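Here the chain labels run A, B, C, D and E in written order, and each chain numbers its own residues starting at 1.
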Amino acid sequence: MSTREIFDSRIESALLLLPTLLVSVVFLYYPTALAFRTSFFDSSFGRAEVFVGLENYVGLVTSSGYHRSIVISVVFAAVVVVGVVVVSLYLTFLIHEVDTGQGLYLISVIWPYALPPAVGALVFLFITHPTLGVLTGPIESLGVEVDWFNNGSQAFVVVALAAIWKQIGYNVIFMIAAMNNVPDTLTETAELDGVGGLRRLVSVYVPIMTPTIFFLVVINTIYAFFGTFAFVDLLTSGGPSNATNILIFNLYQEGFSFFNFGVASAKSVVLFVVVGVLMFVQFRITDRYSYYGG
Amino acid sequence: MVEVLQYAKRRVDALRGDHEARRIHEDDLGTHFQLLILVVAVVFPIAVALAVSTKQTGVITGVGDLLPGSYAVENYREVLVDYRFGRFMWNSLAMSVVIVVGKLAISVFAAMAIVYYRVPYKDLVFLFILFTLLLPVPVRFIPLFQLMNDLGWSNTILAITVPYLASATTVFILRQHFLSIPTSIVETAKLDGVGPLKFMLFVLLPMSKGVLVGVSIIMFVYAWNQYLWPLIIIDSEANQVAQVGLQLLQGDVQGGQLSWSLVMAGSTLTLLPPLLLMIVFRKPLLETFSIQQK
Amino acid sequence: MTTVTLHDLRKEFDDVVAVNGIDLEIVDGEFLVIVGPSGCGKSTTLRLLAGLEDATGGEIVMDGRDVTAVEPKDRNVAMVFQNYALYPHMTGRRNITFGMKSSGDFTDEAIDRRVGEAAETLDIADLLDRKPQAMSGGERQRVALGRAIVRDPDAFLMDEPLSNLDAKLRIQMRAELAQLHTSLGTTTVYVTHDQTEAMTLGERVVVMNDGRIMQVDEPQTLYDFPANRFVAEFIGDPAMNMLPVDIENGTAVHDAFAIPLPNADGGLRNGANGDGDVPIRDGRRAVLGVRPEDLYLATERPDASGETLAATVDVTEPLGDSLLLHCSIGESPCKIQAKPRSDIRPGDTVSIAYDPARLHCFDPESGDAFYHSESDASSESVAAAADQGR
Amino acid sequence: LGGGSGGETEFSPIAEELTVWHAMGGTNGETLDQIGSDFEEEAGQAVNMEFQDSYENVLTNTLSAFDSGNVSDMLQVDSLFAQQVLDTDQVRPVEEVLPDDFDSGVFLDNVAEFFTVDGELASLPFNNSNAIMYINRDAFEEAGLDPDDPPQTLAEVRSASEQLVDQDVTQFGITWPNHVWFVETWYGFEGELMTDAENGHAGEPSEFRTPDAAYDMFEWWKGMAEDDLYTNPGIEAWGEATSLFTEQESAMLLTSTASVAGLIADSEGFEVGAAPYPSISDTRVGPVIGGASFYVPGGLPESRYEDIGQLLQYMSEPEVQTQWHKGSGYYPITQPSVDSLREEGWFEENPMYGVALDQLQSGDASDPATKRALLGPARNVQTVIQDKSVDILNADDMDAEIEALKTEVEDVLDGYYN
Amino acid sequence: MTTVTLHDLRKEFDDVVAVNGIDLEIVDGEFLVIVGPSGCGKSTTLRLLAGLEDATGGEIVMDGRDVTAVEPKDRNVAMVFQNYALYPHMTGRRNITFGMKSSGDFTDEAIDRRVGEAAETLDIADLLDRKPQAMSGGERQRVALGRAIVRDPDAFLMDEPLSNLDAKLRIQMRAELAQLHTSLGTTTVYVTHDQTEAMTLGERVVVMNDGRIMQVDEPQTLYDFPANRFVAEFIGDPAMNMLPVDIENGTAVHDAFAIPLPNADGGLRNGANGDGDVPIRDGRRAVLGVRPEDLYLATERPDASGETLAATVDVTEPLGDSLLLHCSIGESPCKIQAKPRSDIRPGDTVSIAYDPARLHCFDPESGDAFYHSESDASSESVAAAADQGR
């Protein structure tokens, strides 16, 4: 109906965009391009670069360990993203439903977000350490043997739990705003119709919150792929039996433990492609299901 | 369970005796109950960390050990004085403040150009900025590391701040917010011939206070929690940040000494600044983020 | 089916008394309109009825059952909101069926049949597969109505359902609502701040102010026998003229005129004021109320008898079907509805006749009406209504 | 990337004062700090001892510092990574840095030999260690075991563990950090090379050897794990392993002599004892060396080398070595300090401090198997062995996993050298 | 001071033609109201005037200067928006002065003086130190007006400035706006979708539909001589009745009645249709338009002469000052404004008289009016206005 584009000086707009674009190009795009270049070289500290063509990629293509790492990363991301969104939604919903103590509940559930991942990891180690953990005893008394230093699936679960736990706060911050934005009259209509609890959440709030949820899915995906490094590094170092060797850790190890920069760069490129493809798929799916779409 | 709740409700009703006070909905108690369980689950880890930070050696192996110990003062003193952890915190603070202020400034510029200027290709520019979401440090840390060395920035605050300044998330959120400012207000400014600088300073920024504060908190937490990149690029102790510095509290790892209590004391200290910010600014943090389509 | 009784209903928010002790009986099947200025507590009253707010005091009885503490969903009422409150992500059909499906009281066939019927009644068959954003305001409101009627509720509660529509559409939808009520016969409580809407839709109209009921009556009664100055000025557009007078010898004496009050000899009038009648004492100060259409240019009706007053025209407003003259009678501003196309200009002095059967007197302090020149047997007072309710 | 060739690179120092990057935390770190400030007082040269968390971090920071050009003056590198650092060509042999009057003959033979490259002392040995076994004497007694006759072979460890666990004295018999050093030590005692080319001391290695003894060792390890006689504290989990021991979850602990001082301090409520490392079989050729030495970067401003040389010399003085040994548990590495300690009767009074030294000196230093492997991609090989060990423990077909371990290590070697 | 002329003004958005060739002359100092249904292009026209949209075609001339491509700030117009558009973080005073300060044309004293004057005019002195959120809707709108008037613009442009207010407040503010215009005399273009607002406020009223101007005239002329069916139905509430008839022998023949058309003998009428007059041929089909208030119960005016029609009452709506009867004449629905308090019930058959001077005929296809039973010399046609403009 009307327009916000009230200025039209190209020079001004260019000047305004310059800092962001400059930083993006110099520190984001340019290094990414360099990484792409390095991926065709054999490169390490103190040694001359040697062009090796696709050799680094060939190595990745033929490495079953790396394939596994890709699969693990994707599954891990899926578990983390779904877990975070579901738990956060439910929590947000519960908080939205109560009238008293909202503020207190909110702060109590979002604080882990303020906690540095490294600390989060240490605390989790403390709690679930297979022999020394605070909760190990109680859990084992339920008949589950806590053994995630040896048991891959358990390690995966522990790392995923820690990662989910840490990210809930960020999601709740956005979700509570979105849920509060749902017009009261919709809630009241549902209430009058006797549309209760979960059904209201799933059938009314969630669809209306799709833009926020989509935003969070994107952010959470990036988090799952890149932001969970500390958990793997400090909890499992990718083990046991590579069960938690997600791409980012794999890449870090290749680059900064083994100093194989060429291979590491190739892994960066693969990681970038994997995340890019997933994002693309997500955009397509949400485009289809977002209620605004038609 | 249900019976207990119903009983509790009857008791409450009986105590109230009339309609004077607010009617507590049937589901309220259940909701509070669920919330309490979830809150305990979320808060438990930090409770453990806190308890540990007050112990002598800090090994806790069961729920029974969770009572606070008597070494709190001693441990925190040791961390702050002997390990000069304050120094790391200070470095973290400097880094975070520079990142937050820098990000905000240049993102406001960019978002303003994108929303309020009628210039060609700005959607493309926005996409170009958004795309950097896919290029987090891990994808490019090897060349970035090299770039820092070439610039002579390694071990300086520049290395841990400048590359972070471009912020897709901030630009995205600010753009969302700018789009929610009624066009008629913007057009009034245009009719009055308010120039871009004046518009930004006197209209846009004051009307964005909440979002700016909210984004600042999120960005602060993000910056404060950086771990991987400082780990790589900062190797002199004097410039190290708290997240990485935490590891130094572990004590003589090679020698088998693991001073959990010090690590947890450090962790608690590290948590404080972002947590305080979140508590103080919880209103803008929880109320201002709305993500709409487009 | 449904009679609703409110006993001394109260609702306080932290520091505001939104509803300040309301007694009201809503008769089965009637179309009751609640009207009043912004903030007078109309919505709150409606929401108390729906169960969306918890009463601070008093009780709500539906068909003999105390529902004051009953959950909204168990009251079997349907609400229609000003902003339609359609679920934006659902098609028209799904919007309509969504609530029904929750209640579980309907089989799939029953649902289909009812949606079909509602769609026919409201003429929305072609909206069923569209989402709200692809509907106009009127269409959305119609779907919202559809959603309300399919559930066959005991009562419809409507909160300014037409305010978001533009003028023409509002009039059209008003007619449709009236028709709908005629055909369904469901008890309806309708909130509006628009007195025209109240008059045309309501079988009875409740006028509220400041959390209190000012008067409950049939529209024309309200118009002709306002219980107090508030109602008199609120109902009717342009509003009733209010002229300060002294009552002397059964005559209303103004600076610029003196009008005899017919039938004033009895000394006491059976006015619409329920708190006990007020004597027309001589010498008392009063406010004389007379509606713009009960004043007319003496030249327009040469046959009409009675006094005429002299007035100066300040502004003329053509309304199409009439010409509204903003005049001064002495010091007092006064509006007069003249015939359209009259050749009157600001500055003219005109001679004004009045309808002696349409004079009202109000107490200048309390605002209560103590005199209407024509008596009306059917006029129910607030107190009377309240009494019935008990 | 590539950081330039040889010692020509101009490095800039991190600070005016001498900076030493090390991996000694806790009490060991305090002792090192003390040595630094003593030197400062004596020589009037400021020293900044910077703790870098772990050997792995020192390695990473060292290599990246070589790349960025801001380097510390001394780097404490784990013997495990010796070759990896040497391969950068960015270090100056300490022999060229030490004052001319320094007598490099003072080092114990087994020690000096490891750190000498092409006839020159490449780095200054300082904190050297063996892996030894600690026991919980009280637990042993409670289980009816003789703490003065601790197990000497893996089989004996197993039976002792069974006894401890069966009698509910401790939850586990034994634990140790999942670190390659322990595997190396077992190879060494068995007299087996881990790689060809004499563990890398005689050329570029390409083969990872898996002799029968290795199968025996893994089979024992796996069995211990399956029967809950052993608990895995995690990869490179030095601290957790020690905690398990001090918390009396496990009655035996394999770890470095470096822990002697700390363990004596932390073992509240029970008496700790030290014993030689248990061998796979009765064969006991000798342990491999552990611990670290100080490297000096090449290409620093020439003026600094004199000060660095002074500090290096100071650190190998007998008094300092003695102070270091007592404060940590690392054995003394110069003959004069060993002599003075013996004179003092220190080892009789503190038998735990002598275990490692005895173990070292009773070993056959001439057997190449006791020389710790010198591998260019050491960190990578280390990770593979540690990760694969867990796989082997969990495997249904252990032999196949051992094969896989062999292949993977050889792939890494191949990738590095070819 | 300011005459504004629009020549063939057009505005297209991607696929919508919002303004489809408008010719209009806005006279210096006049209060011109643009009215029309939602989406007809009113706001777009106003925004084109303000310079907030760039015209796709045509030109805008202010006082002889072509301003089509001039920046908004250089047009010296002030705009008042429906949602007030106050800066939420500024006090009333700062809201008012902020724009002035930008323009730099005013000294600090001048600003203070002008704010003082505006505050007095609008009675907002005590709002100056409050922020918008502490003001009611009416107060906000008043501050927004203050902001507009302090700059002493050549023209006020107002886009539905009263739509967000409630009914009573809207009427009050309407009067204030009229007063303000009288005292300032600034050219004002006012957009509304409410025909009552248009009639009462406008010196001239532009009726728009579908991006085109339907008619420009003084309010009463618009009411009495609608140029086409659209205007006839849009202006007037309740809307004009439209009955399908055949013209035979100067008589309008309906299934249920036949009404002679006075003065129809001339064969051609100088109707309000500018595109050339349309002959009243016999035998042609037509739509007979007659307003509800020009129909009345024959019993109400026994003296009135002429035909009567029979109608069945379907619904009665008390409006207070009248009783609106929804009737059927034959098959055709028809509204009749009867006296209030009439004792008529749905189902009654009534006999209806009409005012022969107020009959209108429209072409069933084009909708153009071709006959008004009374002629009006002052009626300006759209084309005539446009011609003047050139």
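Note that contacts are C-beta pairs under 8 Å (C-beta built on N, C-alpha and C of every residue); 3 or more make two chains touch, one makes a residue touch a chain.
Just so it is clear, the model here is predicted, and its values are computed rather than measured.
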Check every other chain and keep only those touching both chain B and chain C; list them.
A, E
Set B-D beside A-C; more C-beta pairs touch across B-D
So if I superpose chain C on chain E by CA, what angle comes out, to the nearest 5°?
180
Distance-wise, how many Å sit between the C-alpha centres of chain C and chain E, to the nearest whole number?
27
If you average the CA atoms of chain B and of chain D, how far apart do the two points sit, in angstrom?
40
Just how far, in Å, is the C-alpha centre of chain E from the one of chain B?
56
Expected list for chain A, residues touching two or more other chains, is 1-3, 38, 131-132, 196, 256, 261, 292
For chain D, residues that touch 2 or more chains besides their own:
1, 60, 64, 67, 240, 243, 247, 249
Could you pull out the residues of chain B that touch at least 2 other chains?
22, 59, 61, 142, 146, 184, 187, 189-190, 232, 247
Along chain A, where are the residues that touch chain D in the complex?
38, 43-49, 129-132, 149-152, 236-242, 253, 256-261
Help me check something: in the complex, which residues belonging to chain A touch chain C?
183, 185-186, 188-196, 199, 203-204, 207-208, 210, 291-292, 294
Note which residues of chain E are touching chain B in the complex, please.
50-52, 71-74, 77-79, 81-90, 98-100, 102-103, 147, 151
Mind pulling up the chain B residues that touch chain A in the complex?
22, 27-28, 31-32, 34-35, 38-39, 42-46, 48-49, 52, 59-63, 65-66, 105-107, 109-110, 112-119, 122, 125, 128-129, 132-144, 146-147, 162-163, 165-167, 169, 171-172, 178-179, 181, 183-184, 186-187, 189-190, 196, 199, 214, 218, 221, 224-225, 227-228, 232, 242-244, 246-247, 260, 263-264, 267, 270-271, 274-275, 277-279, 282, 285-293
Taking the complex as given, what residues does chain E use to touch chain C?
37-38, 166-169, 171, 178, 193-196, 199-200, 218-220, 223-224, 234-239, 291, 293, 315, 317-321, 323-324, 326, 337, 340-341
